[in-house]
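As structure tokens, the structure follows; a few thoughts come after it.
By written order: A, B, C and D. Residues from 1 in each chain.
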Amino acid sequence: MNPAVFEIGKFARLTVIWLSIIFGAVWAACWAVGVFAPALINASGMPTETASLASEVLRALVPVVAVAVFIPINAMFMVLCERRALALFTVRKGPNRVGPDGLLQTAADAVKLLFKEDITPHGADAVMFTAAPIIFFAPSIIGVLPLLAAASGNHELFRSVNLPTGIFYVLAIASIPVVGIVMGGWASNNKYSLVGALRSAAQAISYEIPLVLSIVAVCLMAGTLDVVKIADQQKDSLLSWNIFGGGALLPYVNLVVAGLQGNNEQVQAIMQHFQAQPLGPFAAVLMVVCCIIFFGIYITGACAEVNRIPFDLPEAESELVSGYNTEYSGIKFAIFFLAEFTNLFVVCSIASIMFLGGGHAPLPGLEQGFTEMLGGILKQLPGSKEIFSPGWLINSLVNPSTVSQAFWIILKTYSLVIFAILIRATLPRFRIDQLMAFGWKRLIPLSLILLIALTYLRELV
Amino acid sequence: MLSKSNLQSLLFLAVAVGITLLFLTGQVGGVLSGAGLPAYKADLFAFLAIVSVAVVSLAFGGNKTMIMIGGTVTAFIVLTAFQDSMVRYMTLGAIFFAIGAYGMVASRNAVRMLMSIELMINAANINFVTFSRAVDPEHLGGQLFAIFVLTVAAAEAAVGLAIVLAIYRNMATVDMEKFNLLKW
Amino acid sequence: MAPEKIEALTSTRLKTDEMIINMGPQHPATHGVLRLLLTLDGEFVKHVEPVVGHLHRAQEWQGQNRTWFQYQALIDRVDYLSGMFTSWAMARAAEKVDGCQVPLRGEYMRVIVSEMNRITSHLLWLGTYGIDLGAMFGFPFYPFREREKLLDLLEAISGQRMMFNYIRIGGVQSEAPPGWFAKVSEFVKEFPDRVDEYEAILTNNPIFIKRTKGVGILKKQLALDYGVTGPSLRASGVPLDLRKTKPYSVYDRLKFEVPIHEGDGDTFDRYVLRVKEMRESNEILRQCLEQIPGGTADELRERRKACNSCGKADCSNCGGDLMIMAKKQNAGLRIKAGEGFDAIESPRGILGCYIISTGGDTAYRFKWRNPSFCNLAALPDLLIDHPIADIMAIFGSIDVILPDVDR
Amino acid sequence: MEGFPQLTTWAQANVEQAVFYLLAVIAIPLAYGVVCDRNIIRSGFLLIGVFSTIAGLFILLSAQFLALAQIMIYGVGITLVVVIALMLTNPKAEKESMPALSIHKGPAIFVACFLFMCVYLALRSAENWPVKTDVAALSAAENLSRIGQSLLTNYSFHFEFASILLLAALIGAVMLAKAEPAVHDLNELSANEDKLKSSERADDVVKV
């Protein structure tokens, strides 16, 4: 067999195993806290008032538990995934010694980092030096909360974190980490760190504008900031995803389909719509183009926000040693490292929710078929309503539509993550002046023009 | 480790916390009415007690930072503990405003002065939002006003920093006491 | 009006302090242990002082205290990426002093292995240059794929992957193992496609072009003044390549073009030139494999079966041109008294060796002319007024090896 | 927290005050740090802390949108301030030569105390604030849409005016910060100097 195919197979197997472990663990933890424990409390014969308050508190804690379990192991997997994928892209083997297929490599690395000496350099501002990694990491934990609801298809356990200001909240929180970087770079008492921190500040501020504008474009089409609603609006099919114009093309595709099927009434109805908006198809196509470009702008801005190559100037190894985290070691460095990967995951999941239809399958039939099939299997089981019986356990553990949604959103998000790794494997790094020029002279005007264009096109469709 | 000034300020903190606890448990009012003073103004008297203790320990060379912070926090608790929530928020705003005013008058660094102004603007914002919540919860006039204040503050920061930059370019300093010429 | 007043009135820039930064010797990108004392204004370099000598191993002095045979094994470590060339330079100088004639097949073998070594050296340069420009983990390993193949071949013939000790005074160490020539010609066939792959990644990459075009322009006159040689000089428009201008060994029998860039070269031109040189080296390899007297080692072995490997000088299968070694290799190797200098074209430039021998088993004096040292001397002038990010782009593009600088 | 009625009432009864005092106790030392810390850069970072706690207060006052805007604008904006402060001043030199606060300390304390007492006594003296205790706060979604509608209807003029103000501030800041093309040519300068010397205003120029 071709060795490359063999390696890809190994990588895919590794990814599937790890992701099953991660999401299985997260779901088990959430279920234990949000479903099983309240049921236990209710069954334990406590006074009703206290019992229901306690179970409400527990259920309110579920998102926190989910994130607390998810973030560290996910970041650990992403490190491994990046190393293996990079190895794949560059004709190497990558870590393959610790555990089967190198499965436990990053766990070993994490343990090593925990036991390393935690050094505070001479002349550093100790308080700031310690606070910086926390300020860098904390936002990525609290920032993903609203995404949970969207990613799980507004599952009742996560409904409470579905803020009406969802995406605005995520963006606001996502702008905080740069403070941590500047703080750490300044407090390190190292010139390389300081230069890295200043670059990071400049870069984050300039690339936040196109990033936010591309999100604004999506919100403009969706008419809401609520991530669950935005994800829901894209459930019809591939064409209703925001990257393909958020359903702008749907009426025309429907027209063609109806024409082919010979459905006259529908054709008539849509033809009337046509006469009212003669520029409609043209505008719809333009809108799709705009949206695809916006997706590109988002990915570019996101890469710059999370300091990925080709925008990894704050920690450019060949220039600034390691930029703002040069002086960090041990647990603090581990936190920086985890946070970087978590941030990458967050921007990728924002992209998949905002642009790529969230947890919805590209074809509606897929999702429906899967849900019906799984539902059918579940119905075959002894469907006892009695609490703690096997039927109750399985029915409360497995929710067909959530399983389907989780599968699709994991697939989309990790595809984007691997795309980011592919970019890292291909491109050299920008220089700082080129980076700023690209941001201010190309991306911002482009996204402003497209935003205005989109506003008008929306009216024409 | 425990120098004289630190010892004094710790003493002050103990006294201030004591007064606060006495006040919170309602003892001060009893003392006042026993002394023939209006008990309903107990919080103001407790506040005055804390301030005078602070002044005394400052005069005897206590650690300024600890005394100021401890004094402000205890005084804030004393002043707001039995008020309704609106007054509480606005008192906090007033404290921020006062600290900002102090910083603006006293700081030598132009950038620090700008920061103090930002602090004052935010204190005003707290008041706006409090009013919006308490007085005008349907129309949210206060919140809207706060948004405009935010805008103006951003503009102010931009222009202020540009002015500081221009001054620095010409004078090579941002020390407020060195550019008193009104021209350059 | 006082000067400072005028300065105050006319200055249109912020008054900023200069920042002094030590880049290296432990900086991850200084290719070893170079220390650059940078004076920065913001991100721009105002003054550079390269501090060399962290890796000084007294290679010249060691040569005077070791026998010729021992030193031959040691000298590969001077420029560890192109060991063939250092041994070759020393061998040529010693042969000049001694007056011995290397057999033709030996010369061809020398050209073959050293051109292979030139390709490995350029490939490693290409990979690390990717790292210098921030293509962190991705790009470097593509060139390493081909480099591995070449190193395997060189290991097969010399027993070592880096410190070959293959070229000896008087010829080369050994005949190629069975199947070696076939593998080399296989590599020669596929290599141009591989170079196309690298070029597909880099040459038209907009970011790469932005990072390299117009950066670190090395003026022709400046290059000549500093004694810069090799690809960096040829990228600045000076057609100086000893293989062409003063053909040594069998280079006059081979048809090849030395790539020259017209006009002052920037880092991009130096990159392009090195890539062209790899193609050219491949072409030389192809011709050598065709022209080598006696054909492949396997053919030669077959022919020698006829005369039972007699080893006589007049044998048509074993002697004359078909030998690979003209001097007996043992610990008692002696070079006739005299002095001599010879230079060859290494991947980094002109590599010269000067020897004074008193006829004993050690040299009286060694002196090396290392290309990296002279090339590095031009670095400060190239870096002035470039941002920090360009330091590594420029430093990488002149391709120095620190042990070669420090000796 | 709309899904948890019991939890919400329980939290309102027990947690809100505690959170408020917690935020206040964090924020006051931070605010002191902003004005008193000898290190200008550290006070910049402390300022971010103050603004974050104020954002927390806004959330307590059920002004979620404003809280997020506060974080977004001040979190990033003040970082900029800090960065510029970093570039402008030499922190080490400042630490050695220049105290954080000047000789105006006495008057400053007086002004601050006076202002605080004014505001506080005014608060206390008003017996009857028209507080609408019976009206529940708008839900977050309503809050957001109410703000959006108001901005584009009742306050549209203000909204537009704010954008013009921002534009003007942007241009003004750029003009101020740009390098002035004042005197480029030294010869021109000396020529001017000769002219000035003949006049009586020459001394003024030299004094500057």
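Operating definition for what follows: a contact is a pair of C-beta atoms (placed from the backbone, for glycine too) under 8 Å apart; a residue touches a chain by one contact, two chains touch by 3 or more.
Owing to the predicted nature of the structure, the values given are computational and were not obtained by experimental measurement.
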Two candidates, B-D and A-C; the one with more touching C-beta pairs is B-D
Which one chain sits nearest the middle, judging by mean Cα positions? A
If you average the CA atoms of chain B and of chain D, how far apart do the two points sit, in angstrom? 14
Averaging C-alpha coordinates per chain, one finds the centres of chain B and chain C separated by a number of Å equal to 70
Using the average of all C-alpha atoms in each chain as its centre, how far is it in Å between chain A and chain C? 48
Centroid of chain A to centroid of chain B, CA atoms only: how many Å? 41
Out of chain A, which residues touch more than one other chain, so two or more? none
Considering chain C alone, which of its residues make contact with at least two other chains? 13-14
In chain D, residues with contacts to at least two other chains: 65, 69, 87, 179, 208
Flag every residue of chain D that touches chain B in the complex, lowest number first. 17, 20-21, 24-25, 27-29, 31-32, 34-36, 40, 43-44, 47, 50-51, 54, 57-58, 61-63, 65-66, 69-70, 73-74, 77-78, 81, 84-85, 88-89, 94, 98-102, 104-105, 107-109, 111-113, 115-116, 119-120, 123-124, 129-132, 135-138, 143, 146-147, 150-151, 155, 158, 162, 165-166, 168-170, 172-177, 179, 208
Given the complex, residues on chain B that touch chain D span 65, 68-69, 72-73, 76-77, 79, 84-103, 105-109, 111-112, 114-116, 118-119, 122, 125-126, 129-130, 132-140, 143-144, 146-148, 150-152, 154-159, 161-166, 168-169, 174-177, 181, 183-184
Quick one: in the complex, what on chain A touches chain C? 86, 89-92, 191-192, 195, 309-310, 312-313, 316-322, 424-434
Residues on chain D engaged by chain A in the complex (per definition of touch): 1-4, 6-7, 10, 39, 41-42, 45, 48, 64-65, 68-69, 71-72, 75-76, 79-80, 82-83, 86-87, 139-141, 144
Which residues of chain A touch chain D once you look at their complex with the stated criterion? 52-53, 56-57, 59-60, 125, 128, 156, 159-160, 163-165, 168-169, 171-173, 175-176, 178-179, 182-183, 186, 194, 198, 201-202, 204-205, 208, 225-226
